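Same chain, two partners: subunit A is paired with subunit B first, then with subunit C.
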Partner chain A sequence: MDTFLQVLAFGVLRAGLYALTSVGLALAVGVVGIVNFAHGEFLMLGAFLGYWLFVLYHVDPLVALPASAVALGGLGAVTYHVAIRRVLQAAPLNQTLLTFGLSIALQNLAVVLWTGDNRAAPIPYAHLSVALGSVRVGLPQAVVSALAALLTVALYLVLDRTRTGKAMQAVAQDRLGASLVGIEVDDAYRLAFALSAGLAGMAGTLLVMQFAVSPYMGLSFTLRSFAILVVAGLGNVRGVLPASVVLGLAEAFVEYYLPGGTGWSEAVFFVLIFAVLVARPQGLFR
Partner chain B sequence: MRDRRLWLDVALGGLFVAGAFGFGVWAEEANPYRLAQARTVLLYAVLALSWDLLARTGQLSLAHAAFHGLGAYTSVLVVRATGLEPALGVVLGGLASAAVAIPLGWVTLRLHGIYFAIATLAFSEVLRIAANQIAWAGGATGLVTVPLFGGRTVLQYLFLLGVLAALMALSRALQASRWAYAFAAVRTNEAVARALGVPVVGCKVAAFAVSAFFAGLSGATYAHAFLFINPLESFHLGISVAALVAPIFGGLYSTAGPVLGAVLLRGGEDLLRERLGAGYPLLYGLILAAAILFLPRGLVGACQGWSLRRPLARPAGRAARRAVAEGTEEA
Partner chain C sequence: MGSRFRPYAWAVAVVAVALSQVGAQPPTLRIGAIVPLTGPAGVSGQFMQKAYELALEEVNRTGVLGRRVELIVENDRGDPPTGAAAYVKLVTRDQVVAVIGGLQSSVSIAVAAQARQRPVLMAWTGAAAVVVEQALADADWFFHYHPWQYHNADSTYRFIRSTGARTIFLAYEDGPFGSSAVDEARAFARQYGLEIVAAEAFKTGSPDLTPLLTKARGSAADVFLFVGFDHDVIPMATQARQLGYSPKMILGSPPSWPVGFEKLPAGNYITGMALWVPSIRHPASQRFVRAYRERFREEPSSYWAPLAYTNLITVAQAIQRARSTELGALVQAMRQTEYDGPIGMRLTFKRSLYGRNQGFTRLMAFQWQNGRQVAVWPEELAEAKLAYPAPWGR
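The block that comes next holds the complex of A and B.
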């Protein structure tokens, strides 16, 4: 029973992080209508920002979060302005390929700048853990997941309670209708894309507390975010939280209960994508 | 008009194949290093043109790495187990990829655009993970194998040239046939295509299977040319990327475009590797993004546009130019 609870706790903690990585992508898909393959690369850049700030200036990743949000948000706005805006009316194939090209370019730019090595930041409290009854969890994992879930909920509140958030929802529902009632569609798109990149950057910076960073780390998060989006229903921002829990728990249980599970857990997202796409393409939570 | 273009294409294609043949025979003695490079270029030309076949139905596949790896693993495993001639193993590799593509396509080709891309990307990542985990397939260490045609690079090169020539002929024949219209209809509007009586899913599955066959052939040849395979390299996402960047850069939905793109990009790659080291795909990413933004019809499309805009020597020239300017003639 204790092991079961332990595995359950790991799964839930992982879900928090997954929610933060994928909610930004859900926003880009839902509002701008762009499936951004470079999302994981924004996360990777956020991770490198956190890593270098820690290694060079001893800035704690938690303190670096606002810097990461501003830097990646800015990069997102620039990316929107230079590239994404030009393909809004283009065929979906072209949109996908454009972001795919961006993803490859950013990833390999990081390889050119920082080599392909894995780099782990020597965070002093990385190995501390806390006990909750019979379950023990790592302190960084717990903090990261709590913050990630908090940021995800904060995004929901922004979307529901503020004028800007409502404007984004309006644009998502009907571009023409929104522009007729005086919403600047282009501004809403730029803001949504910047927010999306900023959230990915923050997720990346938080990751520095748990994982080594490398230029290639983005893809596995892009893939997992796709899996979560597919489970939630493409563009459904609100379904991201429950879908993240599904993926986090499934991975944790496969890792523990399947023989040789650690290697296979990477394949869990594929089974989820495949099963959901074939059986219920509109998503489980819609 | 159509006939003249067909003969022009056949002549150009023949010229390309003859030139490549001459180069192979010459380079065997004179420059074996360039010959080995040219062999890699041909591997990628086959991948790129076979990718384009499916793209013509409007589906963006990221499964080419999967079929490449499946071909490589099938051939290597069969040759290791039975001592079969590698040339037959290569054909088996292609058939195995096609055999997997049919059920996979039957399920996933009902998905559109991004859904299909995500599903195929996930499929090839999972094959890589599986090859990593399964002990009898070599696990993470990989497998060694015997060379194709006793390791004679020139024969491997000529074999690949033959495969590419066959694929080019098939691609050009498809474009001249009713299938070209069926594919274009499926690509532009599936509902209309279905209403016109085009078997939409059947078209896509057939294109997927042929596409996978040639990708498997290319992967298996790669395995028996480089004599070593492992999950990371055989199922590398970069293979899918290279297979789609070449047609987009060269010109989608054409026979010349993907081949031209592969020759230019792969040919220039060694130069890039020297300059940028492990980060050389940086340029692939930039070319892909730039091609989408500034060259949406690729090099071939840009050349066609340019030749149509040039004043023609014949009296019909003025009318043709006006038609192009007014956008009445399909370019």
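The block that comes next holds the complex of A and C.
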């Protein structure tokens, strides 16, 4: 029973990490209607920001979160203004190629600026854990999961309870209708894309507590984010949290209980994508 | 000719003589190097490039066969077709007498295909995959410096045996790098009286290794042997500490270690295998480290630096010994190599399992102790004792 609870805890903590890295992408898909392949690179830039702030100025990643949100949110707004809005009416292939190109460009820019090295930030509490009865929970993972839940709920509240959030939902439902009732569609898109990039930046900054920072780190998180989006239902921001829990628990149980299961973690999310697309294309939580 | 033209005539004459002297200079002796200066292995490649620079300065203090050596460095970007094209360019257009360098096995295979068609002296630092050795098995002009995969495995299990450990939990990433390490692991372990109690694959880049580490803890093996990349060792080390997983030794062998790993609290007492670390107790190594630091204001923290230095120096010495740039003479001269360089082990070339000219055949072990890579094995290179069992958390 203890082992079962421990594996359950692994799954829940992993779900927090996945939710944190996916919720921004869900927002970009849901509101702006664009599949942003550069999402992982925004996350990577947030991680580098957190890394350098820690290494050069000893700023804890948790303290660096607002700076990361503002910096990456700003970059997201600029990216939207310069590039994204020009392809919103274009064919999906053009949008895909644009964000894919942006992803490659940002990755290479990072290589030029900081080399391809993997970098470790020596966060003093990264290796600590807390005991909850017989279950041990890594401190950074617990912090990330708590913040993931907090940020996701905050995003739900913004979308549901504020005029700006409702405007974003309106343009997501019907761009033309929203503009007819006086909503500035372009502003709503810009804000949603900036929020999406800001959330990715914060996720990246938090990852500094647990992982190596490198220009190539974004891809694996982007892949899992797509799986979560499919399970949640494309663009369904509210489905991100439960979908992350499904993926996190599925991976943790397969990895622990299946012989040789740790090699199967990627298969788990591709099987999930396949199963959901075939059986319930609108997603499990829509 | 009027007197007012005389000064110009003199000037023209002086310039003409000077130019004729320039023309009389012996042409430089060209050596080509193929290294990944960018891409995933770019960091190691940049260490190599700097070490080549250092070696070149040393070689050109006296010259080779009375000529200056010119090193033409090509960036293969870790991309096999680019590496192959670089080889063709070096051999056909630049007409180099030798091609040196090399790091990744995938690029080496592509270069090998071109080299078989246009052979020159190939003094190759990189590639551990045996397929490269097999591809160039009958090439007597191919000299290989880095140990092959089976040499790495032999050193690893010999070191583990020397600690008194008996059982191993083997965790390996399931790509070509990790899988090649696991292929013959049980046979090597048996040879040294060790038992691999379980071998478990994982995905490189996986953010969560806790299920894997929990399985390892359950196995109660003496040694947790981790074959993954540099970005995998951070979650491995920190999550092992979070779980309170305390085997007698955690042994990792990533191609390189993340920048800043030495400051990671969870990294203390992790043990690693490498061809070289800067702290080894060897005069030539210490001289190299000092020279590198002075020249580049940084630590030569990757073994690719002394390996590249050794590479160029030994090729230059062989050309000097051969008194010729003819391929047959160069091969004979390379075979006479006996070089006590910065790696800390004498370099000679002998037959290996498939190849004709193999250089180094052994790795060494080090342990992260209070922020430093401390050489702990073999005894003749050891700087300090291995902390075994590792005093985790103390």
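Convention: the second predicted complex is superposed on the first by the 286 of 286 C-alpha atoms of A that agree within 3 Å, B and C clash if a C-alpha of one lies under 4 Å from a C-alpha of the other, contacts with A are read in each partner's own complex, and residues count from 1 in each chain.
The rule we apply is simple: contacts are C-beta pairs under 8 Å (C-beta built on N, C-alpha and C of every residue); 3 or more make two chains touch, one makes a residue touch a chain.
What you see is a predicted model, and the numbers here were worked out from it, not measured in a lab.
Superposition of the two complexes onto subunit A shows a clash between subunit B and subunit C. Once the two complexes are overlaid on the shared chain, A:G177 sits clear of subunit B and of subunit C alike.
In the superposition on chain A, A:R14 contacts subunit C only, with no contact to subunit B.
In the superposition on chain A, A:I273 makes contact with subunit B only, not with subunit C.
Using the contact criterion defined above for the overlaid structures, shared-chain residue A:R119 touches subunit C, although it does not reach subunit B.
Of the two partner chains placed around the shared chain by superposition, neither subunit B nor subunit C is touched by A:P66. Residue contacts after overlaying the shared chain place A:E255 against subunit C, while subunit B stays out of touching range. Looking at the shared chain after the overlay, A:L109 reaches subunit B, while subunit C stays out of its contact range. Contact with subunit C, but none with subunit B, is seen for A:L128 once the two complexes are overlaid on the shared chain.
Touch criterion met: A:G263 reaches subunit B and subunit C at once.
Residue overlap on subunit A between its contacts with subunit B in one complex and with subunit C in the other: 111, 115-116, 260, 263, 266. Against subunit C, in their complex, subunit A makes its touches with residues 3, 6-7, 10, 13-14, 17, 55, 111, 115-122, 124, 126-129, 136, 138-141, 210-212, 214, 216-217, 220-221, 251-252, 255-256, 260-263, 265-266. Taken together, the subunit A residues at the contact with subunit B in this complex read 35, 83, 86-87, 90, 92-94, 96-98, 100-112, 115-116, 219, 223, 226-227, 230, 234, 260, 263-264, 266-267, 269-270, 273-274, 277-278, 281. By the touch rule above, subunit C contacts subunit A in their complex via residues 38-43, 46, 171, 174, 200-203, 205-212, 214-215, 229-231, 234-235, 237-239, 241-244, 258-261, 263-267.
The touching residues of subunit B, when paired with subunit A in their complex, are 58, 60, 107-108, 111, 113-115, 117-119, 121-123, 125-126, 129-130, 132-133, 237, 241, 244-245, 248, 276-282, 284-293, 296.
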